[in-house]
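Attaching a single structure in structure tokens format; questions to follow.
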């Protein structure tokens, strides 16, 4: 009986407060994020690493079409977790904002500014009626004034800045792993290893280089760089993260 | 009692999240896709094949009026499964976008760009109130920069790229068949055979050439080409896919 | 109890998907079509026949005011079944589209194009909130490029092309009759007989010439021609379709 | 329990289909028509008669302010039954349409065209949300191309043409009376008698000349003419329709 | 149980038909009229009388601020009963319409035209969603073409013309009194007496001159004239309508 | 069970009539007024007094920020009771209207006109959907044509003029006190005493000068004047209204 | 059973009055404020102190990205408690208003004016449908005309001015602490100590300098100044507010 009434409850339109001050639709949108595969971000002294699990439901599906890491501007990458179609909308927004900044001010948009443009947009979908919240979380990583920055956006429209963070499925376990292993002084390569190991820490079958998407934005070049499958495979092997296929 | 309450639940307006982070209206729209007859897409080295089941409810119905495969542009074909009237809207959208590209840039629209224009449009119907999602999935196949491409759009507005894929009724069985039989190196003719055999694999009564719609877009001509009934019949016979009418 | 809950269910506003992927309001609109008297269309080698049952609830009602067959353009006729006031809106739409085509391109609109203009309009009323679907089906018959064409539109907004088809009350029985009796090679006069016999097949009391509306669009003249009551009576007598009033 | 649930059902906003394809709000609007006093129309060879019951709830109420028969244009009269305030809106619409026709084309609007302008307007209130249907039926009588015409509009927005027809309270009994007594060849005076007798046939207390509103539109003058109370009283006496006040 | 369900029923938004063809919100608005104190109108040969009960809930309340009779134009007065704030809106509308008529046509607006402008406005609030009906009835009295006219508007938007009429609390009793005592040939002074006696007929405590508002619009001057408290007191005394305060 | 159903009932959107002709949302808004602390207005021969209780929930709260009496124009003050944030909107409206009058006509707005601008605005929130009524009552006091005027606005949008009146918590008790003690001939100082005594009559702990807000608008200066805390304290002492803190 | 019905109740759209005159959505929004960590404001003779608890859920989260205290203009700071994404919208509004004032009037906006711009905006979200209230409270502190001012905004849109105040979690306990310890004559440094001690009074584990955000706006410089982590740590140590980590 309770289950059915709850079903009625969330099937009503607008996002409003419950008696204990919670926004149910936003909390349910957070569940949608958890239903997605995980993404990880690590900020190091000389750049930011974004890594994402993109295992496919069929061997015939092109892994590259599972969009988990996106280039938002030359100096900014975005990893997502959750409802894929929603993520696309926010990433398009971020790209447009980055372009507008180039056109208007002749310079690159700041990573923090860009993140807040996105979270302000998300917030509107949690307050005004006639639409549901976005069921997606983003990691926005990039270089601003020569410094690496790493932000998270959540379905409530709150921006957070992190040293290292996970979103999506198994977030809690991966975050614990990051908290234990993160070292503020690590370089980009170490960060890259940490990101892969973090993703691998929740995988029973080991990591498959084709099932992981990795990109870096380093302080020197200030360029978003996607790693090739070979580059990823090399590190997965080095880190002994492959699964033991024989068993 | 449960049934009735569920009925109330889905009869409410807007698409919103359930407590476990799912969008029920989108999932119900996926059911609408499964209620349609199957369509199959196969990408080969030298082109893309689209094939669709279009069996008719009456012998007096013109098979050609059961629209399953559509030419979107010279170099792009679209196969659909699900709610027919919804499919028509999305295909009109795709055609308009292709024309706009010709007019604006003097060149053909990319297959991926075209697909994403369509999925972005679909996504809006899953987030903003006052309308229901589209109850249809599409296969968008074509040639881009000399390469064959094959995309799927689903009711959530997510684009996927495939080597070979099925949508609509019996999707799971057909997809399993494709996964077992697909070979990356196969040529267009082999792909065509695979597509027909895949459709035939779920048909107890065998395939009827008049009940199948087939088109190819090959790398050489970069042209959408619909097969004639004779061309289809010839292959059905060769592949021994006809039903045994005597029994 | 179930009845009441269903009543609540359909009395809610917008057309959305049920858990099994159906659009209830569209299916209920199909029931509205069945509540109307039947209309029949038959495509023959040299033209299209439209015939419709229009029996009146009172002898004082002018039969001609029971609008079942309408001239949409010189070369196109439309027969309807279902909610009369809804039919009027769609027929007005069809007439306007036909006129616009004359004005814009200086030529007659194609029968298929005209049908699809109508079905696209119908589809919008099944997806966007704030209105109910159209409770009417149409048969659109005419000549296009010298060829007879016969289309059906249904409340979902799907167009179908037919050799012979029935809509409205007793549709299934009449369609079965048509499937048994239809012959692709029949001429217009044979088609006319078939249409009348099909309508007569579900009438216990026989056909009354004043209770039937008949029109043809033939390949030679490409003109919509309504039959006079005498012309209809003559054929009803020949076909021995009158009821036996003495019993 | 059932009663209460039905009450909930009709108290919801928009006009939509029930599972058996009916539009409940339109059917309830028809009940509103039956709650009004009756109006009768009779078409004769040389003109149309409109007659209406307008008995008053208080002797101090001015009978002339009970608006039942209205002049829409010189050559068209309209009788109404049902929700009075709704009738006023439709009659204003008809008058405006008649004027527009004079201004635009320099000629009188056809009776059929005028009726269909009104029914198209009524239909919109049965399909689009945010408003209820009109709770009124109209009889539109007039001369078109020298011929008397008599139409009915109902709350669904369907136009009907009649030889003789009743709307409002006791419609069924009066219609049966008309069917028995109507003669196609009757002249205007005979039609007038028939209309009065039809109204009288359902009145236990006889007709009161002050409680009846009568108008004619004759072929010769093509003018709407309201009968004076004396003219009506004279006929009521001749037809022996007065009640027997002594008992 | 029934009470609660009814409460749910009327607490839904829009004004729609019940199964028996009634508009509940309009009927409830009529109850709001009955909750107001009574107003009376009497038409005599040489003018119209408007009288209204305006007893106050506190002796400190200024009687003049209980607005029951309003001057709409030099030649038109309006008395109201029911929801006071609603009445103000309609009286403002009437005043604006009267001014517009002066500006546009250089002449006074007719009493009937003015009434129908108001009822047309009221009707819209009973058909279109997003608002409730007006909970007020008005008596519109004035001189038109040298003749006294007296109209009533009700919450459905229906105009009625009366010789003498009551609205508001105790309407039925007062109307019966008026029907018994009204004489078509009475002069304005007799009409004034009748109006006061009618109001007094339902007052157990007698009439208090300060608790009554009276105005006349006479044929000769064609001017709205409000009676002073002394003028009212004089007549109340003459008619022996004061209460017996000693008991 | 009853409680829950009522909860459902008032939690629906729009303000509509109950079967007995009441507007529940307006009545609930009147309850919101009663939840506020009281305000009192007294009209005397030489000016108007406004006094208001503004006791604070914390000693650290600045009493002056509990806005109960506001200057609307040089010659008009407004006291409020009920929902504070709503009061601010209406007072802003009053101030804007007063300014507009200065700009447009070069003169001060009349107190009655100003009150009615506000009540007309309030009324709209009780009739049109999409918003709730204002949960506040106002006392509008000022000088108009040399005369002191005192008006009340309530949540229904009705204006009342008073000699002396209370709004907010304990309204009934305070009003009874005013009715017993008010004397039409009293001067401003006597009115001021009456207002303070009225507020004190419902306070068990006596009046605290810092917990009362007082202003006058006198006939001579035609100026709104707020009393200082000392001026209030002096009178509270004189009137022996302080509480007995020792007990 | 009760719980479920309440759930239904608050899950309906618009903010309206309950029978006892309360606005439930506003009260639920106040609960959202309590779910946030606390913020404290203290007004002293020579400036305003804002202090806020910003403990982080993960050591990898950048404390600075937990936005609790914001600079709105050179002379105004804002501390928030509650729904973070909502707070961002209101702070952006405040910043825009401050800039507009600079542009339009060439001077700094007053602290009170700024607060009331914000509360007027908040109020609209509690009265008009289609959106929920803001789930956040703000402390607005600054210098106006050389005087320190400290305001609170709550979810109803009411502005309050305080000497010292707490918002967010544990508000009641902290406020009691402030009431006991606040001294009107204290200087800025004493106020700063009071603010930190107030926050520490509800912390079982003691205060962590990195988990507290502190800013001052002093009368002399009229500048918003954020304290460094070292400055905070120094005071936390002096006040012996650190937790005893060994146990």
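A, B, C, D, E, F and G are the chain letters, set down in written order, and residue numbers restart from 1 in every chain.
Please note the rule applied: a residue touches a chain if its C-beta (ideal position, glycine included) is under 8 Å from a C-beta of that chain, and two chains touch if they have at least 3 such contacts.
A quick map from chain label to UniProt name: A, B, C, D, E, F, G = Proteasome subunit alpha.
All of these numbers come straight from a predicted model, not from anything done at the bench.
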Copies chain C and chain D touch; is their interface built from the same residue numbers (over half shared) or different ones?
different
Geometric centre distance via CA averages, chain G-chain A, whole Å:
30
Roughly how far is chain A from chain E, centre to centre by C-alpha average, rounded to an integer in Å?
69
Chain G, residues touching no fewer than two other chains
6, 8, 10, 12-13, 24, 129-130
Beginning with chain C and moving on to chain D, name the chains as they sit around the ring.
C, D, E, F, G, A, B
Would you mind writing out the residues of chain E in touch with chain D in their complex?
1-2, 5-6, 8-10, 12-24, 116, 119-120, 122-123, 126-130, 151, 156-165, 175, 178-179, 182
In their shared complex, at which residues does chain E touch chain F?
4, 6-8, 10-13, 24-25, 28-35, 58-62, 64-66, 83-86, 88-89, 92, 125, 129-135
